[in-house]
Amino acid sequence: MGIPSYIDNMSEWKDSFSYRYPLSVRFSETDAFGHMNNTVAFVYFETGRINFFKDIGLSKEWFSSGGKMIPVTADLQCDYIRQIFFDQQLHVCVKVAHIGNSSVDLHYMVVNEKEEVCLTGRGRMVQLSRETGKPVSWSENARIYLQS
Amino acid sequence: MGIPSYIDNMSEWKDSFSYRYPLSVRFSETDAFGHMNNTVAFVYFETGRINFFKDIGLSKEWFSSGGKMIPVTADLQCDYIRQIFFDQQLHVCVKVAHIGNSSVDLHYMVVNEKEEVCLTGRGRMVQLSRETGKPVSWSENARIYLQS
Amino acid sequence: MGIPSYIDNMSEWKDSFSYRYPLSVRFSETDAFGHMNNTVAFVYFETGRINFFKDIGLSKEWFSSGGKMIPVTADLQCDYIRQIFFDQQLHVCVKVAHIGNSSVDLHYMVVNEKEEVCLTGRGRMVQLSRETGKPVSWSENARIYLQS
Amino acid sequence: MGIPSYIDNMSEWKDSFSYRYPLSVRFSETDAFGHMNNTVAFVYFETGRINFFKDIGLSKEWFSSGGKMIPVTADLQCDYIRQIFFDQQLHVCVKVAHIGNSSVDLHYMVVNEKEEVCLTGRGRMVQLSRETGKPVSWSENARIYLQS
């Protein structure tokens, strides 16, 4: 298994995350093969992403707009590097990889207790107007939060 | 394991259902013990319940009220009679057990391909006003749908 | 809504829990009504239960048996007292209510940041032999863990 | 939003699927934004994939090996083209895009009642030995099933 196309240098990439969110693997997240079901990776990504947005202040920006804008998933991908098992203590790491006009590319990394990389991923979020369903450009504030 | 308290006579009770909704057990619904995870029972109950409400016409009533009322779960219980495994073809059976002023007591039964009872359950739904959060009495129409 | 039948005195019952497990409500756990979906209550109960078993030492007992025994859900119930919303910081409280020959009755309580009770529940777990599928009596050690 | 990189020509790609699996969107699969939660896409992909494997005979091959081999997800990606809502009747379409030595690349498409494309996706599955955790080359039979 090669390196995913969105990663240039694995060791540099791994060091480039500063935000980490802790998670324990729930029993209901395992499947009959005895490990974490593959679909759960995206639940972890979402949980990490939303807490990351809260941490940098972007959620506040969304709420202060009176719910006029919502962040929507444009695409998502995950590479499964190492199996994950029940009760493991993980960290979901999230970082901004690229800021577009009304979208943002995020990178994800899930590591286990030994700091071994279990999952890597990326995905683009777009900010939409709840009314029109059309993309809305980032405000200056939002841009500052994303660059922080 | 005795008979659950909400069932008088198991064989009569089993025959009293007329509504059935088909379901296949998904792989993501199993857990590391190799069977359906216990939490999934309530996903099946909800799926059966909502399709039952649609079938008897009650959903239409809710939608025609312009979304002013929502059905909310007051309580739920499940008895696990027989293990359920990946890829089994199940039926969720739903019936009205009692109609209150603004609530309804539903009974649930999940059977496998051999018509063996795997899960039994019950629970009360309450119709709330979305605005006030207070219970709203059933309309005459809703009552007719529930008695049908 | 009266007091659930498994609770004698609400205020005494509330004070009788000593084990608490922290949880944040994930966005994927909400539904289109804007609150936590009812099925998620049982995911929280399971998460609390398993961590409780680990905390009192019972998981160790199960693992030391070489996986010969597994804990299985016999029944579960939940009363929904107060709506739960995205991003709330909850605690799942778990306690032993009754120890049977090969089973245990657990009580559950989920409280929000203000210590308001959102969910109450109970359910019976049975210890089964993985080989025969039959109930297996608690060992002396297991009994001590459960009584602690 | 451009065409995902794994699709050359959208209209030809859309016509290239012959396997379809029907699904209804469950209420518990929506989130507080009122639509299907993004993480559910991968539950649909898995459900489609497993039924596809069963349909072409590959599951039989796995079971006849006495459970020595398991199919594991190497990577997955999804592009969200159109919002999906509660109670929509969908079809998950699955096809083989490329057969490797011990892996297979699958493409996914989810369409709604109007045959509008809601989700597109792809992902690689690898056949592993349960004992060694190492990839195992496809048998002649498995290869025939995948090419069918």
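So that you can tell them apart, the chains are marked A, B, C and D in the order they are listed, and the count of residues begins at 1 in each.
Everything that follows uses one rule, which is that contacts are C-beta pairs under 8 Å (C-beta built on N, C-alpha and C of every residue); 3 or more make two chains touch, one makes a residue touch a chain.
Remember, predicted model here, so these are calculated numbers, not experimental data.
Averaging C-alpha coordinates per chain and comparing to chain C, the farthest chain turns out to be D. Look at the contact of chain A with chain D and you find the same residues on each copy: over half of the numbers used there are shared. The distance from the centre of chain A to the centre of chain C, with each centre set as the mean of the Cα atoms, comes to 30 Å. Chain D has its Cα centroid 22 Å from the Cα centroid of chain A. Per-chain Cα centroids separate chain C from chain D by 35 Å.
For chain C, residues touching at least two other chains, in rising order: 27-28, 37, 39, 43, 46.
Listed in rising order, the residues of chain D touching chain C in the complex are 27-28, 30-32, 34-35, 37, 39, 86. Within the complex, the chain A residues that touch chain C are 26-28, 43, 46-47, 50, 54, 87. Note for the complex: chain C touches chain B at residues 1, 4, 33, 37-39, 41-43, 46, 70, 72-80, 83.
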